[in-house]
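As structure tokens, the structure follows; a few thoughts come after it.
A, B, C and D label the chains in the order they appear, each numbered from 1.
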Amino acid sequence: MLKINRLSLDEARTLIAGARTKAVEIGVPMCIAVADESGNLVAFERMDGGKVTSVFIAQDKAFTAAGAKRTTESYGLASQPGQPAYGISSAIGGRLVVVAGGIPVIIDGEVVGAIGLSSGTPAQDTECAQAGIDSFLGSFHSS
Amino acid sequence: MLKINRLSLDEARTLIAGARTKAVEIGVPMCIAVADESGNLVAFERMDGGKVTSVFIAQDKAFTAAGAKRTTESYGLASQPGQPAYGISSAIGGRLVVVAGGIPVIIDGEVVGAIGLSSGTPAQDTECAQAGIDSFLGSFHSS
Amino acid sequence: MLKINRLSLDEARTLIAGARTKAVEIGVPMCIAVADESGNLVAFERMDGGKVTSVFIAQDKAFTAAGAKRTTESYGLASQPGQPAYGISSAIGGRLVVVAGGIPVIIDGEVVGAIGLSSGTPAQDTECAQAGIDSFLGSFHSS
Amino acid sequence: MLKINRLSLDEARTLIAGARTKAVEIGVPMCIAVADESGNLVAFERMDGGKVTSVFIAQDKAFTAAGAKRTTESYGLASQPGQPAYGISSAIGGRLVVVAGGIPVIIDGEVVGAIGLSSGTPAQDTECAQAGIDSFLGSFHSS
């Protein structure tokens, strides 16, 4: 029998809160999604002013990062013309996102979930996603 | 120009918290979604143990209740065999849900959003959705 | 070579205007769609206050009535449990609508397009759809 | 409670009329869609001869420009190979369009809706979309 480690709702909230704090700091209202290790949504918040299109993209970034166990940014590099994963962005009905902003949450080498952000530039989305993870890992390792 | 009232993220959290409190009380881990008046997701939480299928159904209940300005339960009645809305449950790619658990949030006669729950029986989903609305309306009118 | 008769945009506007006049009269803000004989959208209007879910359903009613050359209401009867078209409502990804409110526009026995309404009860949707057709046929035959 | 400004149907018609006038001037029959600030369709017209594929693309351009609060043309630049949003064109089931011709309608710094055109070259689509916005803003600010 497999024993799976999975983010709890409380942990998902910690991830979102960390990302939101950074989003407020840089002044970009974000859509923030947290998926579990199976890619299924655990929690989501659209900050007031977050983009409608990002409601979907943030969720799909979290889905992609959890399901593929890698950052969506790494897929962006791997799917450039001529690269091995070229064309992967339209997989799974377009749910596989290759734009930066989705990052897996890794504990002891194991993916336990992922966070995905959208509404800013991909660099801003990534910065806030990483802030969420840093905040979570800080609270996790001190607990 | 039309002037629209829309739930804020803080208000969506109040709705979710009210529904969650009731869900804890009845012992059913729920998926809880809040959509704005246009049907787009504002916030979502899957309580630990909430169902994977309900991740989608809760969101679609909130979408339906907001977009159609009525409870999903009322659609269940109206879409029984021989009734006027028979067959409506497969509309919009199946996103239109006719199972109880989605309720619009109405302020001064205007739909400003909706809450949708899934993971329990439709009656339990409805009970928790209504608890969320009651909690929100209580805080709203006293503010 | 086939010679096809197809509603023009001007004729679609006449259909919409006729339906809208009736909608105003009965006090229900409607989503009104007109498709051509191939089921493709020619014109659409969402009256202020029309439902978001109806944006999709009105279009699909027009698509169904044009493509299947029959009223969506007739499909509702034919798709009841035990009837020959039972289950047809989920065809074409759910775009085939079996709820009343979609009516083909027929000239000399030939379907040249269709009108679909949504936001009221199916009876109200049908009443307004028929008003649009009556208005169009009146102007067409007198021209 | 958030206070949102949204295009009315009358305003959507003004946008379409302005775009159509330009389309007639340059001799290209267009599909013209107007979405509200949440990306939901308000009005649509396919000029006689407009392309069937454009029925969908025009709507999705309006959806994208409203939902993402930016021109679809800007996404075209940002999603070139090697650019940050590379691969975004398949997001949301392909509804996110990165081809020019979708422009948000902005009043006092706030996106209140968007217009999307398709059937010409992207440059022609953009020219007509902008003509619709210019016509609307002229009538809006003089009213």
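The rule is short, and it goes like this: contacts are C-beta pairs under 8 Å (C-beta built on N, C-alpha and C of every residue); 3 or more make two chains touch, one makes a residue touch a chain.
Quick caveat: nothing in here was measured; it's all calculated off a predicted structure.
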Labels of chains that are neighbours to chain A and to chain B: D
Chain A on chain D, rotation in degrees - Cα superposition, rounded to nearest 5: 90
Chain B and chain C, separation of their C-alpha mean positions in angstrom: 29
Separation of chain B from chain D, taking each centre as the mean of its C-alpha atoms, in whole Å: 31
Chain centre separation in whole Å, for chain D relative to chain C (CA means): 25
For chain D, residues that touch 2 or more chains besides their own: 2, 8, 38-40
Chain contact graph, described as a line, ring, star, complete graph or other shape: other
Those chain pairs that satisfy the touch definition: A-B, A-D, B-C, B-D, C-D
In the complex with chain C, residue positions of chain B that touch it: 2, 38-39, 63-64, 66-69, 81-82, 84-94, 96
Chain C contact footprint on chain D (complex, rising order): 8-9, 38, 40-48, 52, 55
Touch list for chain C against partner chain B, complex: 48, 51-54, 56-57, 60, 75-76, 79-81, 89-90, 93-94, 97-100, 121-123
Residues of chain B touching chain D in the complex: 1-8, 11, 36, 38-40, 107, 112
